[in-house]
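As structure tokens, the structure follows; a few thoughts come after it.
Should a chain be cited, it is by its letter among A, B, C and D, assigned in written order, with residues numbered from 1 in that chain.
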Amino acid sequence: MTDLSGLIQSDAAADRVVPPAGFTVQLTLFSAGAMAFLAVFALALSLAAGRLAVHWGTELARSSTLRISAHAEQMDTQVAAALRVLETTPGVESARALDTTEQQALLEPWFGPGLPIDMLPVPRLIEILETGAGYDAPGLRLRLQGEVPGAVLDDHTRYRRPLVSAAAHLRVLGWLSILLISGTLAAMVTLAANAALAANSQVIGVLRLVGATDAYIARAFVRRFTLRAITGAAVGMMLGLAGIWLLPEGDTANDLLTGFALTGWHWGLPVLIPPLAGATAFLATRAAAARVLRGLA
Amino acid sequence: MNPTRGCGTTNRANGVKGRQTVIELENVAYSYGGGELLSDLSIKLAPGSFHFLTGPSGAGKSTFLKLCYAALLPTAGQVRLFGADARTMDRTAVALLRQRVGVVHQDCQFLDHLPLIENVALPLTVAGRNVAHEEANLKDLLQWVGLTNRASALPPELSGGERQRAALARAVIMAPDVVLADEPTGNIDWEMSQRLLQLLIELNRMGKTIMVATHDLSLIRAAKTQVQARVLRIKNRRLQLAGADL
Amino acid sequence: MTDLSGLIQSDAAADRVVPPAGFTVQLTLFSAGAMAFLAVFALALSLAAGRLAVHWGTELARSSTLRISAHAEQMDTQVAAALRVLETTPGVESARALDTTEQQALLEPWFGPGLPIDMLPVPRLIEILETGAGYDAPGLRLRLQGEVPGAVLDDHTRYRRPLVSAAAHLRVLGWLSILLISGTLAAMVTLAANAALAANSQVIGVLRLVGATDAYIARAFVRRFTLRAITGAAVGMMLGLAGIWLLPEGDTANDLLTGFALTGWHWGLPVLIPPLAGATAFLATRAAAARVLRGLA
Amino acid sequence: MNPTRGCGTTNRANGVKGRQTVIELENVAYSYGGGELLSDLSIKLAPGSFHFLTGPSGAGKSTFLKLCYAALLPTAGQVRLFGADARTMDRTAVALLRQRVGVVHQDCQFLDHLPLIENVALPLTVAGRNVAHEEANLKDLLQWVGLTNRASALPPELSGGERQRAALARAVIMAPDVVLADEPTGNIDWEMSQRLLQLLIELNRMGKTIMVATHDLSLIRAAKTQVQARVLRIKNRRLQLAGADL
């Protein structure tokens, strides 16, 4: 009965038949605005949490260390054996023994710069980079046990893994709240449209009396509400972006709030909110109008 | 001045539609849910006829008129409007029917946010006609019902009688084939009601079908001196043709 | 004009003069419900973030390490000197040199269990516990430079500090969103009340015509809206609590989402939401009624 | 049957208030913003007087009545209601005034969600009176205005005339000192309007002050045979006492 072309094509005369103002209009504007505002924050939260998860994830989750303790004479053999095992382990992208300088750098905090590393029974370290899918740690441990008895696999991701999962969960929470907010917006707009239609039952009666078709009446209401929702959402979005923009920007990528600002093309995402709000309002009002008009028949 | 100048120039009722019955009720009954309010009504309104409808308050006059413009559907019997069974009309068909039937409701309702002149022009607007082209007609009509100086007032700023006059103007602006008026002079002084009657009589002379529900017997008497008007009366749920007792 | 006693005291006759249903009523119910639902989550988020911040904070933020490298013969003197310095440093709660076993445990991952620790030039470690306010790290470093040249201050909180601050920020975000949600609720209820009052201007007109005082009319509306807001908020709160209760409960205190569930007396906090919503609605409706009634005078 | 049985038993107008002027206008002018609609009106309504108010549609009859129950404040001059200056009354005072003045609006408005009988009893409800105690009065009154069998109908289910009768019943249920009725018979047939007139006359005989705006001259003529009614006419912005020309 009502289509988008009718919505876009301006019909000043038809527009005037619906009372211009009123609290239902303010309600629509306000709910669309408030929901868009919240949606921007939820979006930023989701994106920031996602970035954080990725950041923490790539930083740590994909690297682990194999530590080989052995007598000096066996060391090289064992390292070579371990590298061979790792080469054939699915999920291991690359493996590489750290050289003396690197190990020295790692130990420096503990022993100071002058440590005679080759004099000490310091284990050799092999850095493992995982593929995205990761390797099967218990399986690798079993194989190493047989072939390189002195090897200890240390996926030091254990430490940050809960954080990564927390960030992931936060991201899920963000998306869930976006869903919730969209649902709330749709419900609000539907209720506001219903309230407006009910409040305007006299208008509908008059229009019917003088021969207006349902399509004509519905179009006038739908048009108004869709435009209102878009306007409200646009304002809310802008305020939301301003709010995010005003947040203090931190220097560490680690921080959630200071890393909360949108980055790069992510700034473009909130722009989708007003048209989505408009589409929601369009569908909600059209359904409400169809129902009310059927009811008043 | 010709009061019907404002009512368009086409004369459809005398044209193609010829002698087709405009409104036809056959054994119609109506009930709002309780007992039957109207029973076994049968009547044909020929094009160009003029009817008054009387009866005590609560007899069912407004209900009868609502059946005639498909605002209500009969609980029994058949209502045919311009040849089509009201029961088979979908809502778009009803809307198009209303563009051919001018209705004055007993409680005149308007779009309170639009000035009187736009309210009177509303039937043109919703029919997609260009209101600017009809401005001369519109002004003439407002002049006739004495509302020229209230043209830009909003409906809530009108007096009771002004509202009734505006409602009649709105009902006739499209020069509809049929005019159904429910107590159009209830709040209007004698002089002005004569003027409104004149408007209806002129329309009738142009071939339009007119039905006026009223309790004002002197209005009926005045009309009878000028047109061949039949007086219907609703009494004890039936429609009677009122005789010479008026 | 309208007081709470009039609200509580039931007046069946006065109640009936306001139309019982309508979309503004549904709007009030729904917005109160939606806002209460969101508020429960925001509250849980805040509390969880707070717990997390405290957890991470107490675990790490208040401890740091002083590492002393020195020739074996000078070691004890330097350790004693460092402890003396620390004793007089404001913000240091306690300082304690780790014993051999503890240091061995710390180094075990690197060298395996059999490390002859006293044979090696391993530095000695002093664990510092800060007071809540913390000490002035650069100042301490300066003092140590003079008195204990081999000392290196390592506040290894650097590592988790961003996490703690992220949690703290998240908590702030949670409270901010609670504020935002309350504001939205108040605005929604105000708008809904205004819409209802505007939609019922005929009712108000009739009541005035037959001699109802403004107080009488306002009371009828305020009562209705307050009860609606309380009902809606109670339902929303219940749904929110159910939602939180349904979330998977994790085993690590570290995880944000699995640690999201309310704990202990925190379950009691959401119960405050309906009365607060009611109070908000009461004030909002009373203001709206006063304004509308003045306007329609 | 006594039609005023339903209107309470106290007879306040003949009691304490004595000979105090009920409504008094002194050099009152009113304008809705444009030119002056009413100018320099001065009149005193004594308790127990019966007035008709006539004048062409749009003359300002409804406006005049609104000045009399403080729905509008004069733009110039002074309106005194029961001795108090309308301009100095706060909104609570106006509300209490309305409990002593029964008003029939031209467009009868009701609480659409309450049945007719509760609407008629509404003045009792908002005054905090126990409606159950007045049930006999209420039923008598409904009987007199012929609405007994519509008592449980909702206002939107009433016919035009039924609404007007209900509005009059609501205006008199509290046995107010003054009854102001704006076109109370606009949609009502002759027989029923005689009945309503009877109700007003009975109230007047009990000492109540009555003012009826109407354009129905035959109603005025009928009343004049039974009570001493003065006829006011608004013409050219002034209030005139209509003479024998009725």
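Annotations for the structure displayed:
Everything that follows uses one rule, which is that a residue touches a chain if its C-beta (ideal position, glycine included) is under 8 Å from a C-beta of that chain, and two chains touch if they have at least 3 such contacts.
Computed from a predicted model, the values in this text were never measured in an experiment.
Counted as hops between touching chains, the shortest connection from chain B to chain C is 2.
Distance from the centre of chain B peaks at C, each centre being the average of the chain's Cα atoms. Between the CA-based centres of chain A and chain B the separation comes to 63 Å, rounded to the whole angstrom. Rounded to a whole number, the gap between the C-alpha centres of chain A and chain D is 68 angstrom. Between the Cα centres of chain B and chain D there is a gap of 31 Å.
If the chains shown are joined wherever they touch, the resulting network closes on itself as one ring, and no chain has more or fewer than two partners.
Here the touching chains pair up as A-B, A-C, B-D, C-D. Chain C makes touch with chain A in their complex at residues 22-24, 26-27, 30-31, 34, 37-38, 41, 45, 67, 69, 107, 109-112, 114-115, 120-123, 152, 154, 162-163, 165-166, 169-170, 172-173, 177, 180, 184, 187-188, 191-192, 194-195, 198-199, 252, 254-258, 260. Residues of chain D that touch chain C in their complex: 91-92, 95-99, 103, 105, 109-114, 118, 122-123, 125-127, 131, 170, 174. Interface of chain B with chain D (complex): residues 32, 54-58, 61-62, 106-107, 146, 150, 157, 159-162, 165, 182-183, 186-192, 215, 217-218. Only residues 13-14, 16-17, 19-20, 202-203, 205-216, 293, 297 of chain C touch chain D when the two sit together in their complex.
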